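Next, two complexes with chain A in common: one pairs it with chain B, the other with chain C.
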Partner chain A sequence: MNWAFFCSLFITALATNLSNSEQYQEELTLRPLLDGKVAAHFSFSTLLRGAVPRAPSSLGTDDTSQHYSVFPLALGQILREHAIPEFHLTINSGKWDYDRWGHPGEPGVGSGAELWAWMGDGAYASVDERWKALQNSLSGLFCASLGSMDTLHTTSPTRAFPPTGDLPRLPAPHAHSLRHATLPAERVCTENLTPFLKLLPCPARAGIAALLEPHKIFDADWHGLGVHVRWRAGAGVELTLTVQVVLDPVRISAERRRDWSLRSLFDRSIPRACSIATSSVIRVMPPSGSKVGEYALTPETWASVNAGSVLYDLTNDTPELDIAMRWPDEQRFSYSLEMSPLSDLSVRRTLKGSSQTHGELSIVIRNNQPVTFRTHYLETMPWHVELFLHTLSLSCAHSEKCDSLFTNMTYTPSRPHDRPALLQAIIELPPDETVHLSLRVRKAFLRYQEHPPDAQRGWDLPPAVFVPVDRPHRRIYTSASLVDLATPDFSMPYNVIIMSSTLIALIFGSLFNMLIRRFVVSKLDDEVPTSTE
Partner chain B sequence: MAFEFAFAVAARVVLALSPLGSYLQDDDQLSSPLTSYSRLQEGIYLFRHGVDPYSGGSFRHSPLALSVFSTIVPKSRIHPTLLWTFFDAVGAWALVNIWRSRSNIQKSERDMRIAAIYLINPYIFLPCLALSTSTLENTLQLLVLMFSARGQSSPSLLALAILSHQSLPAIVQLPPILLLLLSDPQSHLASPRSFSQSLFKCLPLFVEFAAFFVALLFASTLVAGGLGWVRNTWGAGFLLPDLTPNPGLWWYFFTEMFDHFRPFFLMVFSLHMATYVAPLCIKFQHDPLYATFLLLGVLGIFKPYPTLSDPGLFLSLLSLFPEIYPYLRYPVVTALLHLHAFLLLPLFHHLWVGTGTGNANFFYASTLVFGLANGGALLDCVWAGLRVAIGEEKDGWVVTQE
Partner chain C sequence: MSSSESPSRQAPTPPHGLGRLRHNIKKSLLPGDNATRIRTRRRIVAFAWRYLDMLRLCLLSAGCLWLLTLPVSQLGVDTYIDENALQPSQVNTYWNWVDVHRADRLLEDVSLLRERNLSSVERATFFATEFAKCGLPSSTQTYSIQTSHGTLNGTNAYAVFSAPRTSGTEAMIISASWKSMTGGENLRGVSIVLSLAAFLKQYSHWSKDIIFVITDNHLDGMHAWLGAYHRPSSANWDAEPLSITSGVVWTALNIDYPGHSFSHLGVFREGLNGRLPNQDLINSFRTISQQTSGVPVLLYDHYEPSEFPGREGIRSFYPSWLPNWLWERETILEYGYRAKNILRHFAYQARGRASGPHGSFHQYRIDAITLFAVPSNGPHGFYALGRAVESTLRTMSNLLERLHASFFFYIMTTPSTFLKIGSYLPSAVLVAAALMIGGLREWVKAGWVELEECQSGPGKGDAADIPSSSKKKWAPRRRDLLDVFVVMAASHLVGLTLFVIICREWLDIGLLSFIILPACWVVLMLAPWKSPSLDSSVSTAPLHTLLKAINMCLASTLISVSSVLNFSLAALLAVTLGVPLSSASPSDSLPERGIKCALYTTLAFGWLAFHGEVKQGIWDWEVLGVWFSPLVCLVYVPLVLQAGIISSLSP
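Here is the complex of A and B:
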């Protein structure tokens, strides 16, 4: 009896201790946009208080046992197994329209899958081996083909992707290094969302995660998942799972109105709060372009209002919640034709030229601000699109000389069948200036086994990234472009081997036949030809 | 002679200054990844901006070319055009000199015709308009032959060492060049005899060549700041990393090759080129210049990255050997095959990669025809070179090989 009492006391103490060491917060930000769409940013973050990333040098030895109550064990094991202090994975579908939608809540919005990780060396397995292992583990966890991020896709652009948290100190010769890869053709789908939801403590039952209904999420104009792990010295290891969607209430409304509610957008409302969460809030931003009084927000049980943005706090006694925003006086939503861009920069990247051997990479960058703006420019090109840097030229809309705007260039040339090219530079944009950057490229010819099964579709090029020098978290991704490469005939390998070999054998054989035989002069037998006539 | 020569060169300059050159510059048949002018410019750009040009795959010229052109080629288009035309003029001059040595006379009426055959050969002047560095290789090649025909061993071996750095397959002609330096360039096709000198006399010449070669190797390594250039320049000929279409036989074969057989066939193709050296040198030991000529024909067909200028050089060199003309068996067929390939190659290339209406097989087929045309020319020259020795056929008698 006594023993049982102590035992239960111990378990309770342990559970309290665990819940104190792990903190779970969730937040949903809803942002009605100028073009009638609604951007939703779900963020679920778990903090392992006091946890320290595993030192790479301890990789060969037995790890301490892992006990988590909220933090997903599957992800925790991956982090410990490969000693990863920080990684970021995003899988997105669609093109984020910076001009109309502004900067996203979470900057990783490039099309396709993007993975980057900071890792320390000094382990028995090299950084590249662990990078490969990390991809394979994450592919298994999220059912995505991240394992194809081989050396053909991997780069180390340290200036554009600084660590967002802190990196543990390593013993003297060792340092942390970055690995970054993009798979622009990777699509996000239900099979990625289902394992993603399993990592949440309240999956699809309670709290704001209840809104993640796959049909609606994947019907959105733009949608993406993100997994972000970082370490903050003093706080601990922080895992943030994000879902971003841009939904279009005008499209689903029969009257073409932009009124929305959680039920109309997500087909669900929030039944109850997630009791594990230490904080669970929904933030509704004021619609850009609408004045106060033009729209109404229900229910009016919000916790606080700050500069027009309304905060709902989900607590255990919150009843079922369905937030709705209406424009009572508006019969029909009309798109405004004149919209000034909401982002710092507007970037358009295109690959010009119809030939399958050559093309021109053209990038138009417009500074939307009245001040000079310095930005990192990062271009990752797969080896089959070779950059001819000597043809790089800049022209400006308003001034004559602008070659000097392109500075601090570093370049790693691509190597055929092996690694991509990495071009980094700083571009200085004068106020309200448009800079046009152009570069000739050469398209390579691939071996027939290197072509994808749908070879005629072309290859997706990873997006270029612009990172403002003073605001590194406001990255801008260009849209991914498609490059058309010449294809061989895929049905021909045997024919080609046979025909080329025949020609070589013909020349070789005839030549040696001539060289080794002697000339003879023989008398013609007169009677044979005459007899045939 | 001098006036006509100047006129032909001036005509070339006018053509070179026309806008035709900028259209041709990136043509795959005129410049290969190893000889392209755009890639040369890219290498110079990277070199000047502190990036190792050999760390990537876009630059495959030798460090010698890099150091020379990074100092002399300016940015405008006119200067390289004039420089390339000058290379071709030097090549034509060298060809005339080879002819003079071979026929052992100071001057002849054929001089001008020989220069013209070089200067207006489309296989020679189109790559020159495209600023392909194969023009420079051809000039070096002709200088090698000229110096060896004149018996000037050191300049000849130095030029051959430079040429081999530019294009490694050229090294296969070292044995016949050594034989040529020890004998004379005059035609002995009609009177075959065994090589009169002792072969041991080749040894000091070979050592001299090796010394030049190693010295250039050191210079290249110094320029490139490491040995990384070897893989990018010479290695490209063995490993074929760039499968850009060219008029040769390698590119489509290795585009379509199964991965697990690739190393084997790369080895076979490389060795195959070397198998011709000894038999041709032995059979034509009485006329090493002719053996060199035939080996250049072999290179024109079987080089890993040929351009039109490689078979073009072989065809232009044909003008040095008028004694074999009566014994060619099917010159018309060869000429027609060449015409056929010359018209189809650019057409099918454009249909495939330009407009996208044809596929790779069309262009591949025309490279096969081109290979057949070059093979036909080579085989005919081998036959005629051997046949000269027997002389005219008399009525009622026939000359055959047993």
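Here is the complex of A and C:
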């Protein structure tokens, strides 16, 4: 009797807690693309209603006790421990093809790992110390090598990465500052997904998270995980976990057809709804390039249709759900030969020049819209690639100079062996115009301890970022690139040691010989006296 | 020094080696022995000076003989794979008859292109469309190159397969040129690249982007494409910038398949200006071709002696007067086979010529080879080639770093053996050493004159005195270098003029050789620069000695420096310059001078008689930037001319 009473009390408390202070929503958007691929965007967001980020000044003291039921405790502790009001972590594999796939649901699609956080100062630990601690905590949580985001990688590009939520007001002299770092060579794999899934209330058993099957996710042409924490003044702390995948049904299918179903794409269907979620929907966008009658979408038990996009609601107690899209009249998918770019901008960045001392950074930007387009340009260069700003030049159509399009430049020069250079500017792109930006660079000569173990691979350059001025959350990342620096032949340390030892022995030997030698005059019997050693 | 003391001056030697050594060291430290040591040292110097010519001769002949021993099988070392990441022939290949069928269908279309005699733009557009049908972003690139013989035009087609799951920072290239090295069209090579594009796209295991390039013509198309990919701006090239690019390219394969089927796959490796790809690439391909697709690998298109036409090919390589029993011996046959391979390599490398379109890659640090499907009646075709290429691409895709482990300096003697740098480099360096010693000797000779005792020389009894007969005395003299430099500058100017004339084609090369050979001989014989040597006094060195000293030292430096950059070129220079420059000397008799001048003139300008070769050299320089023709005109000709000038003088 007593036990039953307490049990029911606990459940009621939990339920009220859930409905009031924590809210969990999940959404999957499926978007069939022009080249037969399917972009899937999973979004799991938890709102900690009424929560306020911890004030940095309270960091030295004991924290107030926190109680979460849906919000992941491991992440909540990290946020409180380092007083982080907002941070974004993305780990991606692949190169997002903006021209063919359009803009992603979540803008952070740069290759490799990217972490940026807004932090307030005024704590006993400096922002940089907490930034380091945040990296280490997150690398522990997600099994990623984020800890190597040292000062060599960290910048503060406030113009391109404004806070997406609100920042709490700080007492007078203190302000919030941004820390941003990219590791272009970091790969995402199962060891990242497993701890990621553990943060979800319904991990891989119910709801749309059931579709996250590692074999299929990591075989996708493009895949990425994202963790986004922000604070919205009226609402509370919001955590959004995202998984983005671009799958290729044509590659999977033996007949080279683009038909897909949840089972064919993810090797799973949705067994049941996640009962904790306040909303759980699957949105299927209409395939671009196909007319309405050409394809069939099953099951036809959708909740609503809005401008061609179909909504499935999972909160009702639906049985097992497997959504499928078919093109019954199509024997084999044929790629369309003319594809107009789907993104606002098309950007191509290359590092030219095969020399190991100098090169040229060349960026080709095309405005795909019929209107003038203003965009922030952010370039982060590790110190070993030194930009020659005076060589920066822009040319438009017919190789005409148009340097006037490049305005509002701020530049933080690099500090050798320490800090990367940061170049931010605004580029104004004329309608339907291609602009070529070129900038000469010098490649540094590294100390031999500074070379990575795979020295002959080259150094990764983080992607440049373009942020439209009027749409700051539609960032465009260029591809990462490799730069070849002069590299010693590490495969022959033995030869090098022998060679240099011999040289040193020769030089030292002859010098030593001269220094200690006694010069005397000696008389030869048959000749004149000769001065010699 | 102590160990080389003459035995007559030594005290009774202790029995044991170590004790003797200690004794010698102690003895050399004794102050009373200085005079002995100085005397011994002088004796050694005098000995070396006396037999210096012998030493030079020894070095020269040792160097030349060493070159002849390069094909000996005992010098070769077995090839091996050094880079652990490559793992060649360790994968299952998926290339199958469906893909062969697609290649066959594409071949029909490509053959139609040739029959309809389409322009290169139409051809490239067709290829780009075929790539686009596979779902790959593709484009074309037109280029034109200004040469002295007119403009060279062409259009390349290319496509980039962005490998799934990769960031696209690295790439590998698979290419085919429209023209084969045999002169015909590379129809099957182009078809298999198109078919591979559709096939390779089906897999997600690639760690690097794959770029497919179908270039126009034979060599210039690839050169233009790579220039646009890597260079910020091309100077004399008018090449369209590429609209699709990928990351850093590490490795590349070029396919040349001119026949209807093939028996062997030949590997061509020589790049422009004598660059070579990393040997790991060749070794991995050989392993894969033999183990995965069962196709034997050749060097170039040279059959091995063990194969059917191999013996005949090697027999034709030997002179016909050689007795039958000799060339039938296995060792002789093997020597001939290896010599044939080395000579083919020398022919490409010394002239800086690329043996295929892969040659343009090496200057951008891309390791590349051409696979040549040796035309034959069978038994292999698209199936075997596709499997070999797929597996090689898998191996290249395994790379985590650039190829850096194995050898960049080597001479392949057979597909499975090679010469390490240590076993061939000394040959050229020995010749260079002989030249350097000769040059330094001339320099010393120029600084000293042997006078009779009665004459009191200004520099009496200096440290460098060389003990000689008691009657004579060595006296220093002035080495006036101005005349020498004027003569040298003039000879280099002649070389430059010759180069400009050849490049601009102001005169027909045949006519030029008819004019320049006798004219040069006459000028040498008339020798207007003889006058300063006539009034030369004993106090200044004669022109010929100084000229010879500097000439030989220069030649020696040239050979030793180029030996590590381009060994074949160094060997060629060693052979052509070694003996002629060493034996240049003034003479009294007019007929002897005439003959010598004629010989040197022929050596300097004789190559003009090979019209085709000269034209090809100039084309290589203008289009591909090969340094061989400027080097011959600006360095080789002046050096030989200087030797001619020395011989035209009277002592």
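Here is the rule we use: the second predicted complex is superposed on the first by the 469 of 533 C-alpha atoms of A that agree within 3 Å, B and C clash if a C-alpha of one lies under 4 Å from a C-alpha of the other, contacts with A are read in each partner's own complex, and residues count from 1 in each chain.
Criterion: contacts are C-beta pairs under 8 Å (C-beta built on N, C-alpha and C of every residue); 3 or more make two chains touch, one makes a residue touch a chain.
Since we're looking at a predicted model, the values are computed, not measured.
With both structures placed on the common chain, the touch criterion links A:Glu114 to neither chain B nor chain C. In the superposed model, A:Asp489 lies in contact with both chain B and chain C. With both structures placed on the common chain, the touch criterion links A:Asp221 to chain C but leaves chain B unconnected.
When both complexes are overlaid on chain A, the residue A:Ser481 reaches chain C alone and has no touch with chain B.
When both complexes are overlaid on chain A, the residue A:Leu337 reaches chain C alone and has no touch with chain B. Using the contact criterion defined above for the overlaid structures, shared-chain residue A:Glu433 touches neither chain B nor chain C, since it reaches no partner. Of the two partner chains placed by superposition, only chain C is touched by A:Arg348; chain B is not. Applying the stated contact rule after C-alpha superposition, one finds that A:Pro416 touches chain B and leaves chain C untouched. When both complexes are overlaid on chain A, the residue A:Lys523 reaches chain B and chain C alike. Common to the chain B and chain C interfaces on chain A are residues 354, 489, 520, 522-524.
Taken together, the chain B residues at the contact with chain A in this complex read 26, 28, 38, 41-42, 44-46, 49, 51, 53, 55-59, 241-245, 249, 251-259, 272, 275-276, 279-280, 283, 301-302, 352-354, 356, 359-361, 364, 368, 371-372, 375, 378-379, 382-383, 386-387, 389-390, 396-402.
On the side of chain C, the complex with chain A involves touching residues 31, 34-35, 38-39, 129, 132-135, 162, 164-170, 201-202, 204, 230-232, 245, 247-248, 363-365, 400-402, 404-405, 461, 463, 467. Only residues 35-36, 93-95, 97, 111-112, 184-185, 218-223, 248, 250-251, 334-335, 337, 348, 350, 352-354, 359-360, 362, 438, 454-458, 460, 479-482, 484, 489, 491, 520, 522-525, 527-528, 530-533 of chain A touch chain C when the two sit together in their complex.
Per the touch definition, chain A reaches chain B in the complex via residues 354-358, 383, 386-390, 409, 411-417, 421, 440, 442, 444-449, 486-489, 492-493, 496-497, 499-500, 503-504, 506-508, 510-515, 517-524, 526.
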